[in-house]
Amino acid sequence: MLIPKDRSIIIGIVIFILLIFVPYIFSSYVVGVFTIALYFAVFVMSWDLLFGYSGEVNFGSTFQIGIGAYTAAILNINTHIPLALCIVLGAVAAILSGLILVAPALRLKGPYFGLITLVSVLLLEQFVTIFAQYTGGEIGLSVPGIISVSSKINYYMALLFCAFSAMVMLVIARSPIGLILQASAQDPIEAESLGFNITKYKVLAFGISALFSGLSGALLVFYLGTASVSLVVSIAVVLQIIISAIIGGRRTIIGPILGAFFIILLREWLQPLGQLSYVVVSIMGLIVLLFLPDGIISLFLRKN
Amino acid sequence: MALLEVKNLDKYFGGIHATDNVSFEINKNEIVGLIGPNGAGKSTIMHLLIGLYKPTGGIIKFNGEEIQHLSIHKRIKKGIAVMFQHSRPLSRQTVLENIELSLLEDKFQFFYKKGIKEQAIQIAKKLGLELVYNKRPSELAFGIIRRMELAKALALNPKLLLLDEPFAGLSHLEVEEFSKLIRSLTKENFSIIIVDHNVKAVKDLVDKIIAIHAGKIISTGTPEEVISNKEVKRVFLGEQTKIENSNQKQTDLNAKILLEVNITSLSYNKAQALRNVDLIVKEGQFVSVVGLNGAGKTSLFKAIFSFVNYEGDIKWQGKSIKHLKTAEIVNLGISFVPETRELFKFMSTEENLNLALQKVEKNEAKKRIEEVYSIFPRLAERKKQLASTLSGGEQQMLTIARALVQKPKMIVLDEPTLGLAPIVLEDISKVLDYMHTQMNLTILLGEQNLHFALRHSEKVYLLEHGNLICDCTMEEFKERIGEKYLA
Amino acid sequence: MNLFWQILFDGFIISSIYAVGVVGFSLIFGTAGVLNLSHGAFLVLSAIISWFFISHFHLPLLAGMVVGVLASIAVSYLLFVLLINPIDKSKKIPTTEKEIFILTATLLWSMIIEELLDYFFSSNPVVVPPFVKGVLNLFKMNITYNEILLSFASILILIILWTFINKTKTGKVLLAASMSHDGLAISGIDIKKVYILLWGVYGVLTGLSGALLASFLGASAQSVPSLTGLAFSVVVLGGLGNITGSILAAFLIGYIQTMTAYLISPAYTSIPAYVILVLILMFKPKGLFGRF
Amino acid sequence: MSVFKKIALIVAVFAFVFLPRLVFAAEPINIGIIAEQGTLVGDSIVNGAKLAADQINAKGGIDGRPIKLFIYDDHMRATDAVQAFQRAVYDHHVVAVVGSWISEVALALEPWAARLHTIYITTGAADPKITQVVHNNYNMYKYVFQLKYNATEMAQTVCNFIRDDLVKQYGYKTAFVASENAAWTEPLDAEYLKCLPQTGIKVVGHMRFAPNTTDFTPIFTDIKSKNPDLLVTGWAHTGLQQTVQWHEAKYPFLIVGINAQASTSDFWKKSNGATEGIISQAEGSPAPITPKTIPFVKEYEKVFGITPAYGGYTTYDAIYVLAQAIKRAKSTNTDALIKALEATNYIGVMGHIEFYGKESPYAHGIKYGPSYATGVMLQWQHGKLETVWPPHAATAKVIIPSFVKK
C-alpha cells in the first residue's frame, strides 16, 4: 500500500519520464513552450516551499527572480565574464534579496508581510524603469549570451534543472527541516517551545527559495535571450506563480509543477482565442480553486 | 539546591500588575500544582517561566542559572518542557511524526537520524498511543491529542515539565485516565508544575500547591494545608458557604414549554463538546445551566442560536429552529447575552441599543430605550459614551440591555458574571430578579458561579465535560449534588 | 513661494482623488474582511464603461457615469455570489487558508476583468471627458476647473460616505459589521442582508471613484495592477479597515508623491512613497493609525 | 492503477492537441506578423499587412502562390514576442517575420532572427541600434531590416519642419524637449538636442519621464516655468494623458514632435478632441506623398473604419517589398531573399524605398532624404488629421491653438 506522501514522488517521477520524450513527440516550438514551463515550474516550487512549509505568503517572489535575472543579464551585457558565472552571481544576488525579505517576515504577519513583499516588487519595477539605460526599461533588454540555439539542448537543460530543483526541494520538504518549518508555520510558539530556533529555519527557507528563483530567472533570461519586466518582475508574474501553486496543489512541491504546466500549456493551447485565452485560463483557475481546493494533484492523491 | 527558583517575579501589562512579586521554589522530582481561579495570573507566570513574556522584574533560576532573559528555545534546551492547553499540532502529519518532531535536534538536517522512529514509537507506547500511530490529529479525540501533546513534551526529556490546564475539555473518563498517566510519570526523574483552576482535580496528584489570586501567591503548602486555608476558601468558593435561594417565584409546572433542546452530539473537529443534552425551559421559568469552564455551556448556547452545527434538534414553542439563521431565531423572541458580549466597541451605548431596534418604528424604539434606561440608570448617564470606554460591569449591563430592548419572551445569558467585581455582581443579580419577577421573562442562565446561579434558579442543570449529570429542581439539586459539589 | 502653492494645490487634488479611489478597499476589508485585490479592476471597469457610453452612444456625462456605476455594482455582486460567499462557506478549504484563497480568487477575478477590458476596449488608456471646461489661473498656476470639481466631488463623496456610515440607521449597520458580526446577528440583523448592502455600497463607491479617477488620470486595463497596489498600500498605511486612516494615508501618499515630483523629479514620483511605506510597516506594523 | 490511467489520459489529450500542428502543407507563402494588438500602432501594423496580402492575393498572389499571414500578439512583452518568433519559424515555417513597433521588442527579436536564420523586418521600431547591430556584424545579423526611419532621422524630420515652418512663419525661438523614457527616445533626444539649435531654436530644458506617468501637472508646471515656445516630444507608448491634460489646462506652448498615437483618427475619440492642435511626425498620412498614398488610405479606411497609424503605412509597404523580393529571387530561400531585399527599389505609400548597404552605419535601414522617404508632419485641425509638411504633400497650413502664444 502506498501512502499518499510517496505517491506524489511517484507522480513526480512519472512526469519526469514523460517529459524526457517531449522533444521526440512535439515540434520545436512546443518544446520551447515546455522549456519555459519548466523554468516557470521552478518559480512556483520555490514559492510553494515558502508558502507551504514556512507559511509565508510571498507576493514578492519576482523580487528574487527579477534580481537574479537582471543581475545575470546586466553582467552578461557589460562584462566579459563567462555565462555560467553570470548565472551564479545572479543567484547570489537573488539570495541576498531573499534575505532582505526575512527581516519583515519575522516581524510582520498576513497582509502586512504581503504588502512589504508586494512593494518590493513595485520598487524593483520602478528602478528598472528609471535605470532604463541599463535595464531596458519596461519592455526589456536583450542579452548577447545564450545557452544554446538548439531547442533540444535548451529543453533538456531546463528539464534537468527543474528535476534537480524539485529533488532538492522535496528532500528539504521531507527532511527534519521541512517538518520544523511546518511546525513553526502552524504554531510558532509551540515550535519554539519544542526547542527550535525558528528564525534560523525561516532564513534558510527564504534563502533556498531565493536561490532557486534566482537561478531559474537567470537561466530563463539566457534561454530566451531577453530579460523584461513582464517576464521576471511584474506583479502579473507573481500572480501566475501563486495561481499555479494553488491550482496545482499547494504544499506538495510536485503539485506546483503540474500547476505551472497547466497554466502555461493551457494558455498556449488557447492561443487562437487571442486575448480571451487569459480570460479562459483565469476562469479555469477559479473553477479549480472552488471545486478542487487541494489542486490538480489531489486527483491523483485521493486515498482508495 | 532547588531545580527552579523564582524570586520576586513581577510583570506589568500597561498598568495591570499581572504578576506581583511572586517567589517560589521547586525541587527535583517534585510535583507542584499552580492553582488559581480564572484570571488569577497563572498563565502569566507560566508564560514567564517558558519565556513567552519577559518579566518586568525578578529572577528565574533554573538549575542555578538565571534564565529570565533567554528566548524560549534556549530555555527548552536547558531542560524545561511545556504542554500548552491550546497548542496546534501539525495537522497534516501523523501522531508519530508529531512526536518525531520533538525528537529532532535544532540543527539543519536533511535526513532523519536512524532510530528516531523507534524512539518515537517507544514514547508513544508509553502514553498508550499504539493504536493511533498513523492517524492525524484531526481524526483523533481530544483526549488522545492531549496525550500526544504530553508525548511531545516528554520526548524532550525534560528536567521540568509544565502542564497548562491538562484536564480542560476532557471527559470524566478521560480526566481519570489522564490523571493516572500523570501519576505514572512521577516515577520518572523530573519535576512537574501543573497549572489548573480546579483544586479538586490536582490535589491527589501533587506534593505541593501554590495558590494564586490577583497575581499574588496567597498560600503555599501541602494540598491539605492549602485547601483548608481561609483565604483560599474565600477566593475559590466565594464569601458564602451556604446555598441560598432568593427566588420567590415558582412557575406553574404545567406551564407551556418554550424551549426544548435535544442535542445528541456537538463536536468541533473530533473533540466532542456536548453529548446527549436534553433540556426543557418552560414559560416564565428561571433555569440555570451550571458547570466549570469548558463543561460545554457556551457550546450549548451557541447551538441554540445556530452559531454552530449539531446533531439532534432544538425546538422553540414546538417548532424546530435548527435550520434558522441566528437573526431569525432572535427575531422569534429569544435574546442572547453572550459571554464575549459582542458589543460594537466603537459605537456609543445608545447606538448599540438602536442597532438592536432596526425593525422597530422610531417612537417605539425611543420608548423601549427609555424603559431599559430606567432599569439601568447607569447606562442612561453614559448613553453617548463609546462601548469600549465603559467599565466591565457597564458593558455587561449594556449587553443585557441590548437583549431587553428586543422585548424577548426568553433571554439567554452566558456567564454574565465573568470577570466582574462582587459589587457589580449584586447589581446584575438584582437586574436578573427584576427581569424574572417583574417583567415575567423566561431566563436561561449559564454560570460557573454556583452561588450566583442558585440564588435565582427554579431549576438547575449541571453540565460536566459535555454531559448533563443533573437535571433537577432546586431541592433535588441541593440534596443530590449541591453540598457535595461545593465542598 | 510659487512652488509651495503648487504643491499644496496639486497635492490636494491628487490626494483627494486617491482617497476616494481607495476608501472602498478599506470599507470592504473592514466590514467583510475581504482584501479585494480586484479593486483596481473595479475602478478601471467603471471608468471605461462610462467613457464608452459617453463617447460612443453620446450619453450625457452623468448618464454615462450611471452606467459605469451599474457595471461596477454588477461585478461587485458577482464577485460576492460567485467567489467570496462560496469560499466562505466551503468546508473543503481549511479556515486558516481562506484568506489566501480569497486573495487568489480576487486576483483571478481581477485578471478576468482586466483581460476582458483589454479585449473589448484595447489597452490604450481612455480619459473620461471633463465635467467642466476652463482654467483657473492662480499664483501662475494652470488649474483646470475640472480638477477642482473632481477634487470637490471626491471630498463630497467621502463626506456622504462618512455621514451615511456614521449617521444613518442603515449605514450604522455597516459600521457595526466591522466590529462584530455575531453582535449584529444577536441584534436580530440578518448578516446576509448586511453583505448585500455592503457589496452594493462598495460597487457604487468604486463606480463613482473610477469615473472621477479617469477624468483626471485616465484609465486603461494596464493600470489595474498599479491601482490595486496603490489601494493596498494606502489602506495598509492607514491601518487596515480604518476608513479615516485610509483617507489620511491617501493624503500622505498623495503629498509625498507631489513633493517628490516637484522637488526631486517627476520620474521618481512613486519611489519615496514606497520606501516610506516599507519603513512605516517595519516600525509600526499595524499602519499609522491602527484599527480605528 | 488509476494514477497511471489518469496520466495516460493527460498524455493522450496533449498529444491530441499538439500533434496535428506537426503536419502542415507548405503551399502558400507564410509570413509572420508580430504586433502589439490593442494598441493603435500595433493594430495598424496588422491591418496594413492584411490589406497588402489581400490585395496581392486578389491579383493572383506571388507567382501563383498566395500569401498566408500568421498573426501573433506579443502583448508588448519581449518574451511573448520571442515565443511568437519561435512559433512562426518552427510551427508555421514562415519566410519572414514582419512587425513590432517597440524597439525593445525588436531588439529582443534581432538575435533570434540571427539564430534561427529567418528574415525579420521591423516596421515600427525606431531605435538606430537595430541597424547598427547589422552594420557591426553583418554576417550574423543580415536577416534584420528596418523598414522605417530610425529615431535619429525622425528627429531630423521634426527639426526640418520646425526650421521650415515654425521658425520661418511664426518666429518661435525656444523649445523644451520632453520624451518618455524608452530605448527609442535616447537617440531621438540626442538628435533633438543637436539639430534644434541648428534651426535657430534655443533648447531651454530637457527631461525624460517614466512611461507609467499619469499625472503630468508637475511636468507641465516645470516646463511652463521655463517659458518655452515649443514642447518637442518623443511619445509613442504614452500620449493620451499628457495630450488631454495639456489641452484642458491650456498650457501656452505648442506641442510638436512625435506623438505616435495621435497619427490615427481613433485618437480623437480617445482624447475627446483634446488632440486638436497637436503636431506629430509620421511615416505617412492621407496626403499625396506618392500617387499610391491616398488610394491606400481610402481603402484602409473603408476596410477598417479608421485611418492608419504610421505602422499601417510601413507594414503595407513591407509586404509589397517582400512580395517583390520573392518574385525577383524566384525563391523563398533566405539568402537569396536577403540579396533581393537589399536590391529593393520600390515606390510605396510612404515614399521611395531603398535599403542602406552593409557599409552604412544604418545597414538595412531605409534611405532617408529628399529623394527617398522623408516622413510627414501632421496636425489635428477641427477633428481632422491634416498634413502640414513637407510642402508638396501638405493639405493644410499649421494652425496655432488659441491658448498657445504666437
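Letters A, B, C and D name the chains as they come in the text, with residue numbers starting at 1 for each one.
Note that in this section a residue touches a chain if its C-beta (ideal position, glycine included) is under 8 Å from a C-beta of that chain, and two chains touch if they have at least 3 such contacts.
Since the structure is predicted, the reported quantities are computational estimates derived from the model, not experimental observations.
The chain pair with more C-beta contacts between its two chains, of A-C and A-B, is A-C. Comparing mean CA positions across the assembly, the chain most remote from chain B is D.
Chain A and chain C have CA centres that are 31 Å apart.
Centres computed as Cα averages put chain A at a distance of 46 Å from chain B. As a whole-number value, the distance joining the C-alpha centres of chain A and chain D reads 36 Å. The distance from the centre of chain B to the centre of chain D, each centre being the mean of the chain's C-alpha atoms, comes to 74 Å. Across the assembly, chain B contributes no residue in contact with two or more other chains.
Contact with two or more other chains is made by residues 118-119, 226, 267 of chain C. Each of residues 126, 130, 274-275 in chain A touches at least two other chains. Taken as a contact graph, with one node per protein chain and an edge wherever two chains touch, the assembly fits none of the named shapes, being neither a line, a ring, a star nor a complete graph.
Chains touching one another, given as pairs, are A-B, A-C, A-D, B-C, C-D. By the touch rule above, chain C contacts chain B in their complex via residues 169, 172-173, 175-176, 179-180, 182-192, 292. On the side of chain A, the complex with chain C involves touching residues 51, 57, 103-104, 107-108, 110-112, 114-116, 118-120, 122-123, 126-127, 130, 234-236, 239, 242-243, 246, 274-276, 278-279, 282-283, 285-286, 289-290, 293-294.
On the chain B side of its complex with chain A, the touching residues are 50, 52, 71-73, 76-77, 81-82, 84, 87-93, 97, 100-102, 104-106, 108-112, 152, 156.
Of all the residues in chain A, the ones that touch chain D in their complex are 7, 10-11, 14-15, 18, 25-30, 32-33, 36, 126, 129-130, 132-133, 136-142, 144, 146, 149, 151, 224-226, 228, 230-231, 265, 269, 274-275, 299-300.
For chain B in complex with chain C, the residues that touch the partner chain are 305, 307, 325-328, 330-331, 335-336, 338, 340, 342-347, 351, 354-356, 358-359, 402-403, 406.
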